[in-house]
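You will see two complexes here that share chain A, one where it goes with chain B and one where it goes with chain C.
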Partner chain A sequence: MYACKFYIKIPRKNKNYFITSRRLTQVRWSRYNAQYLEPEVNRELLQKSWDELSEEEKAEQELKAVRPIKAAPSNVTSSVFSDPMISKFTNMMMRDGNKVLARSLMAQTLEAIKRKQLEKYHQAPEHEKDKIECNPYVIFHEALKNCQPVIGLCSITRGGKTYQVPVPLTDNRKRFLAMKWLITECRENKHRRTLMPEKLSQELLQAFHNEGAIIKKKHVLHKMAESNRAYAHFRWW
Partner chain B sequence: MREGARPVLGGPRGNMAAGRPSPVPPSPALPRRPHVLVPRPSRPSSRSAALRLIYTTSVVQRKNVAAAGPEKYTEAFIKKQIEEFNLGKRHLGNMMGEDPETFTQEDIDKAIAYLFPSGLFDQRARPMMKHPTEIFPEKRKIQWGEDGRPFHFLFYTGKQSYYSLMHETYGMLLNVQEYQDQMSAQDFTPEKEKKNLPGSRWLTKMELEEMLLEKLSDHDYSRFIQLLQKMVALPYGTNEEKYMQKFSKEIAAQLQKVVIDPLQYDERGVAFSTAEGRRKTARATVVVYDNGSGKITVNGVDVLHYFPVLQDREQLLFPFQFLDRLEKHDMICTVSGGGRSAQAGAIRLASAKALRSFVTEKEVEFMRQAGLLTVDPRLRERKKPGQEGARRKFTWKKR
Partner chain C sequence: MDGLYSSWRQKKRPPLLRPTRPLVLANKVANRREQPGEATCITEMSVMMACWKQNDFNSSACAEEIRMFHDCVAKAEKERREQAEKAEEDTWGLRENLTSSKANKLLRRFPNITRYV
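Entry: the complex of A and B
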């Protein structure tokens, strides 16, 4: 880390730089130099013809032709089965670097969701069959979206007292909180003999229908933020 | 007054001020005996101070070597070096039995390497014979005249080339703005002509320093680049295209830098292509055959046995799936070193490189933009002393 006197953190593409009043100071270093751009694995985007692109995309394409590109990470493929959100969730579930176990748990969870939904589907009467969602990926995304809080709390100390100030959250932060709550809920509040996939699938299905412990946690957070509305002016960013 | 009566402190500096060619710059180790003229303390009766010649040693008249600044070479010195070099080149040509007329720099390098073999690792420390312009870095000539007055009006800023460059560029900017005002007064709409920004880049700080023969700070450099960018962004900025071309360089497209091997054919007439790949410590060699059925063999063993983990097999199939050639090729790989994931990554890179020979240029560019053709440079970060791991610190204990 480099020390700098005073700094403004500007969220731009190069997140590793703090801009001081005078010069750029490197905070975290990477094996790639600053010229390298992120890879684009999605095949459909690459096969768009030149005329369909907007102005920004054209400029981006021109830049990509000239700059070197980083290597694709090893958990990413161009197949339809690789989903960035599922990969992120698997990584968060992983313990001690045991990716094999985490991935198998995730696969079992999705299988469990599918089985439960299929059971419901076969037992439901004809006119209700359309409403039952059987795709586990859709259920996962929907459940995660329902779990995301809209506003969060931040501790700010003023005059010796620490206040909980309501603060808007970025997309990344929302997704992270939703996933974190899901995982901690499934690890702690379950019977000793239930396995993780089973508990996770239960929680995901509940969250999909806007019920369950995690949705409750989200509502509690929203209520706290609403009650602390008076301190909102403490926020300076 | 005689010329010699003028007080002169040191030999070389006095010579340079007069513009006369100086001798080879003297090393500080050798004791010199400069002529020093010192006004003798006059007797109270005589009014004019009588100047007498006094010889002293360099011990008393030691020049502050550090304060003098970097060594400056005169033009005459460089010329002499060039003459000596050309003469020496012809002698060397004669010695080696070659024709002195057609003795190129490469021949010189080979001859020197033969005559003075050196085992030193640093190439710059080995004996070399190159044209003096390559050896003596281009230094600034003396910036002041005989009377001591500097030539340039910005000399006393300390960074005269930089400030004069900024001054000139700002003048251009004002011209462009004036032109723009004139045009808008006549109600002409400016045409937006965009300069091909990705295809060219501004000079780097090092290149600008070389151009100006002056040291720059990061701040100075960034200010100059900001000024250029401002000028380009203006509607009629392209008026000063010629001036700005001095400070920009073309970048060739990344694709053109790599040479793709042509396909080879084996005894059966089947096309194949070989390539190598690496990731961390793993090294892989891959042969991709055409007219195949999607069979992959790794180190003589089927892929399902060698890579039981799904993620590794996905990585192996990634280049084929990306190009829609999943069941059209056979692959035989040999891999060693690294771990499970590193070996998979190495084979992935090797197979992507091998597939370049089968595929059009546009698809190669797509592969490059997907990150399949870049060597992954990430390595395990070392553990640091005073910490438990690479990043993890020891538990903080209050006492």
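Entry: the complex of A and C
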């Protein structure tokens, strides 16, 4: 922490600055200075030989010889089992910083999905066995992709009235909305005695087959956007 | 200030402008909205929505239109970013008009000195 004589907190764009007697002091953010580089976690890149790298990658590697590197955070691994989408989803499920619980719930969800699919697989006749997807990671990714909305709504005020204008969404926003809908749906609309992994696995399997409450929510959003398509010209970007 | 009061004797009317503060240039310019842009990809969006209406909002049936919409959006985004970068790097270029933010930055470096201590 930097010492400061008196400070006023102002709601600036970057909220992590305090004004101290007309100079800005950085508070509560990264302790690394600008020289530090991010650690390389990607295994495939590390296994490539020097000749196989492209020009930019070679330049990057040469830079790493002279610059210090940040410590890798604990949620970042180079293991084959780590998946950034699953990590993001676990973090969104986490409450009060209880990562242990969130991770165990995620593991139980994936196990539940696998069990259900295996049951279906063993009960299905021979010619249908190929169509049943048993990999829970594939099901998770496919379900999330099906839940992502294509177009969103944005409130734009014109002449005193606020209109809901259809607006294209960025990839990050789509992913966030899909995950958020999934989690809120599973938290609110379940029976008191069903556990989260059970409900989540049900919702994920339904989303994988393009059914269920979250897909319906997505369709409702699309319908709203479609009904408001006359206001699309209010956008300026 | 002379221009206001000098010709009073001839015109026999008091000056029209009575400045409440001294007429001194401030060290900032007002925010000016640069050419409100237009909404991009509207045709793609309307095509996609027509397809949705026909196929009852089924995503798999309209995959082609959705893909075209996404491509259009990505292209518009890239263009906008390139334009912003171009405007950014041409900061002290001698174009006719500066944006208000650049004018403010210049004025902050070379302000109008009003007080002498």
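By our rule, the second predicted complex is superposed on the first by the 184 of 237 C-alpha atoms of A that agree within 3 Å, B and C clash if a C-alpha of one lies under 4 Å from a C-alpha of the other, contacts with A are read in each partner's own complex, and residues count from 1 in each chain.
Everything below uses one rule, namely that a residue touches a chain if its C-beta (ideal position, glycine included) is under 8 Å from a C-beta of that chain, and two chains touch if they have at least 3 such contacts.
Since we're looking at a predicted model, the values are computed, not measured.
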Quiz item: Regarding the shared-chain residue A:K114, is it in contact with chain B (first), chain C (second), both, or neither?
Solution: neither
Practice problem: Check the contacts made with chain A and report whether chain B or chain C touches more of its residues. | Solution: B
Quiz item: Does chain B (first) or chain C (second) touch A:V150, or do both, or does neither?
Solution: second
Practice problem: Name the contact category of A:K64: first (chain B only), second (chain C only), both, or neither. | Solution: first
Quiz item: Given the touch rule stated above, what does A:R235 touch, chain B (first), chain C (second), both, or neither?
Solution: second
Exercise. Check the residue A:H141 against both partner chains and state whether it touches chain B (first), chain C (second), both, or neither.
Key: neither
Exercise. Go through the superposed model and pick first if A:K88 touches only chain B, second if only chain C, both, or neither.
Key: neither
Quiz item: Touch check for A:K223: first (chain B), second (chain C), both, or neither?
Solution: second
Quiz item: In the superposed arrangement, which partner chain does A:P168 touch: chain B (first), chain C (second), both, or neither?
Solution: second
Quiz item: If you lay the two complexes on top of each other, which residues of chain A touch chain B in one and chain C in the other?
Solution: none
Self-check item: chain B contact footprint on chain A (complex, rising order)
Solution: 22-24, 31-32, 39-41, 43, 46-47, 59, 62-72, 74-75, 77-79, 82, 99-100, 103
Quiz item: chain A touches which residues of chain B in the complex?
Solution: 196-199, 218-219, 222, 251-255, 309-311, 314-315, 317-318, 321-322, 341, 344-345, 349, 365-366, 368-372, 374-379
Quiz item: Hey, which residues of chain C end up touching chain A in the complex?
Solution: 36-42, 45-46, 48-49, 52-53, 57, 59-60, 66, 69-70, 73, 80
Quiz item: Can you list the chain A residues touching chain C in their complex?
Solution: 146, 150-151, 166, 168, 210, 219, 222-223, 225-226, 229, 232-237
